[in-house]
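In the two complexes that follow, subunit A is the common piece, with subunit B as its partner first and subunit C second.
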Partner chain A sequence: MKKHLNTLFVTTEGAYLRKEGQAVVVRVEKQTRLRVPLHNLDGIVCFGRVGCSPALMASCAKGNVSISFLNPYGGFLAAVTGFSPGNVLLRRQQYRAADAADSTLAIAKEIVAGKIANSRSVLLRAARDISAPDAQEQLQRAARRMANDVTMARNETSLDALRGREGESAATYFQVFSSMISPQATGFAFTTRSRRPPLDPLNALLSFLYSMLTHDARSACEAAGLDAAVGFLHRDRPGRPGLALDLIEEFRAFLVDRLTLSLINRRQIQSSDFEITQSGAVLLKDKPRKTVLAAYQKRKQATITHPFLDEKTTIGLLIHLQARLLARHLRGDLDAYPPFLWR
Partner chain B sequence: MISMSYTDDELLPISALQHLVFCERQCALIHIERLWADNALTVDGHLLHKKAHDNSHELIDGVRVARSLWLVSRRLGLVGQADIVELHRDGSVVPVEYKRGKPKRDRSDEIQLCAQALCLEEQLETSIDRGFLFYGKRKRRTAVAIDASLRDQTGAVIARLRNMIDRQQTPTATRQPKCENCSLIDLCLPDGQRFRNGVAAWNQRQFAVAAGDDAPLTDSYDFLSAEAN
Partner chain C sequence: MYVLVTYDVSTTTAEGRKRLRNTAKICLNYGQRVQNSVFELLIDPAQWAQCKAELCDTIEPQTDSLRFYYLGNNWKNRVEHVGAKPAIDLEGPLFA
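This part shows the complex of A and B:
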């Protein structure tokens, strides 16, 4: 079992990680800065110019500790994975399901409906908690439209129609996104979702955290014996972790958007914490990035009751449970995939 | 059992017999789906085994003691390793298996020992009438008679294992008290099986609620205040 352990984030440029005994040691300028026992970790995320010794990579691969190398924006570059000995049968089932139109649609529908339902819950909760009447009204109106999308998504008969429905619903959601931002949080006006590259601080923050979530989803796929590259909602594209992206859909609004909003509404992150690079991309500066990562880790430690399993778990473990439930469905243990639903 | 000779690829680990006796599903998760989870129990077990497995031969009181001997039976299609095999002067061969904790309710330890004996009989062309189990908690040996009844039971478990592996079918889970002690509980999700054949219906209900405007909101979070402290 992957306990909800910790992810080691290495953000110091020029850091080098190596294995000493059963621990990972972080060295910067030939000095040991940190030593963490490997069994306390379930993932290592390296940002920018960070190196790793082959011995460390080997024992991480063996011990199921995922190592991801990301660029400073949080964009994925490479990961270290070991030889996955088992689960060739599960993977075959995954590929078969992904090749068949009906099973793909069935899974994708639950994922999209789950995503819309959870985004909607975020709007409704915000509407309940804020006092400005017109913002409240806006959020409720969008939530009503999205209620319809939830039902419609589950009735779509093709993947294209389903993706179209998802797109419309996301547009509705992001149209009212700025109503959830407190007036005190200056410099975070939300216009439109920009990804590659993020063009304003809010988009930079969202993209950064979505990358963290994708890293976690990737590990969850591997740990459950699934191929992170072969998705249902997301079409195969070389270099894209389709299944990991499928899995994060249910969590984007619930985990990342809410965390982003609370960070800026509480002014833990301010617009001065970002810089504009020469390319026009907006980048979170080094120190605030640590604040964001700490908040993300902290959020993952909060407990919640899993709606389907009816068991208490941590938010960080949710994505692992979803990967396993999906594996169970692919194997035929469960007649459908139960998405994570938050209310 | 039909008499035949299994090839390398078809050999099954002796340890799978114990998993099968404990829980068929656990056995399938480990040996068909190749999921494995270390917990305190298994880690402990490895440490204990390290002592027995240092691969040496010793002469103790005139008894040759072989450690970590590889076992194989082509006839039964089993492979494994014996903690200790004693080779006595009178030609008798005695397997000794180390176990943490105390004797179990089921006969899985005896069955494992018997399977080891069957391998040794085939490899050394001998016959074995007893072995020992050594329990960490008790710190002494318990003699086990490798008699007809134990051999029959072991044969039956081997046949069941072979059958399950050949079918490549993982049995579904039912929640039982022993699940509490199962290292695979978080991979197995025995409670999710409560909804067996009912997930589609569950989704239907949940989404109906989720799409309703009057859906009650749980109060686990206060949106603007309690977060990201």
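This part shows the complex of A and C:
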């Protein structure tokens, strides 16, 4: 079993990463801040103005350590990849499956069903935990409607209808999202999902964590030998990691939404931790961003039993396992893609 | 697993000083320096076999010594730090 490796987050503006022996060294103002052996790392995520030596990029590409450059707010700028990894036969198989309408639909259906089922589990779990009876009632009603959506999604006959079903159930889910926020957490009222830019603190937090998850999904695709750009539910668009976005669908509610809710409900993050720019975009400040990243890393280290493989693993590795299961399906070893279902 | 590596390399000759530098470099490739000539390595068994072979090839058994302490996977209960220069937790969140 692959070991869950750590991710290095570089958040200091003006930092420079270089290779020293088999380790990455973070230098700030010509002082060494941190030194980590590369074999302990799975990825390096750089925020803002961070430089990186070509020697380090080369050995990261060789050692399967993904490097991503993001803007200070988590928006994706660039990633470093070496020679295309994995198996060219697998990638060809992926392209063939993405070109054929029926196999695309079969995979997309499972992804959407997994997403809806997991969002529903999040609602039900929250309904059990809260005491306010009307919020509880609301959550349970939405969950009942979504139970129907899971079966309907599996019966859809076209990709567009499937996307419609996904959108509908997401609307149901986000309608009751604010019922999961504790009344003590002020300033986190949820009205509607807004992105590019997020217009309130809650959306800012969600968007930030979704982009962290996308980074992880992208490296999971690469590590499994799949092309992160060619998705099934998400169609090709230049620069968009379609397959990575497909993979995160099952994890949005289970990982990011739950983490966001617990950060807010435990008041680890408060509304004063955000700033509003002139354009109306709401952004996470520097220090709370570290709190969020630390919480995300910690959540990824929690152990869980994979429902399909029946194997103990960490939450962070789940997405790698899903990428591998998808690869197995594409190779023809599995009849269908088994989405991750949280129980 | 977690391995503690300590060494004592005789530095009376120029070759000895070279061996000392090389030993430190190998240790730094695989882990972190926690004190002078004391290193902690978070490493999997295959990598450890490689690291150990490199170290054993570097030293001169007549004059130098190496000691390895195997702390297993449950090392967090077995290590305590007091005072300056705390080691980084390679399994915890890593920020820079």
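Operating definition for what follows: the second predicted complex is superposed on the first by the 339 of 343 C-alpha atoms of A that agree within 3 Å, B and C clash if a C-alpha of one lies under 4 Å from a C-alpha of the other, contacts with A are read in each partner's own complex, and residues count from 1 in each chain.
The criterion applied here is as follows: contacts are C-beta pairs under 8 Å (C-beta built on N, C-alpha and C of every residue); 3 or more make two chains touch, one makes a residue touch a chain.
Here the structure is a predicted model, which means the values were calculated and not measured.
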item: First, second, both or neither for A:Leu202, with subunit B first and subunit C second; value: neither
item: First, second, both or neither for A:Gln297, with subunit B first and subunit C second; value: second
item: Contacts of A:Leu56 with subunit B and subunit C, given as first, second, both or neither; value: neither
item: First (subunit B), second (subunit C), both or neither touched by A:Thr151; value: first
item: Touching partner for A:Glu20 - first (subunit B), second (subunit C), both, neither; value: second
item: Which superposed partner A:Phe9 touches (first subunit B, second subunit C, both, neither); value: second
item: First, second, both or neither for A:Ser262, with subunit B first and subunit C second; value: first
item: Superposed model, subunit A: greater residue contact from subunit B or subunit C; value: B
item: Doubly contacted subunit A residues - partners subunit C and subunit B; value: 298
item: Touch list for subunit C against partner subunit A, complex; value: 25, 28-32, 41-44, 47, 88, 90-96
item: Residue ranges of subunit B in contact with subunit A within the complex; value: 32-37, 39, 168, 170, 172-173, 183-187, 189, 191-193, 195-200, 202-203, 206-207, 209-213, 215-218, 220-224, 227-229
item: Subunit B-facing residues of subunit A, complex; value: 1-2, 85-87, 89-90, 110, 113, 117, 120-121, 124-126, 128-130, 140, 143-144, 147-148, 150-151, 154, 182, 225, 258-259, 262-263, 265-266, 268, 295, 298-299, 304-305, 307-311, 321, 324-325, 328-329, 331, 333-339, 341, 343
item: Residues of subunit A defined as touching subunit C within the complex; value: 3, 6-12, 15, 20-23, 26, 28, 33-37, 39-40, 290, 293-294, 297-298, 301
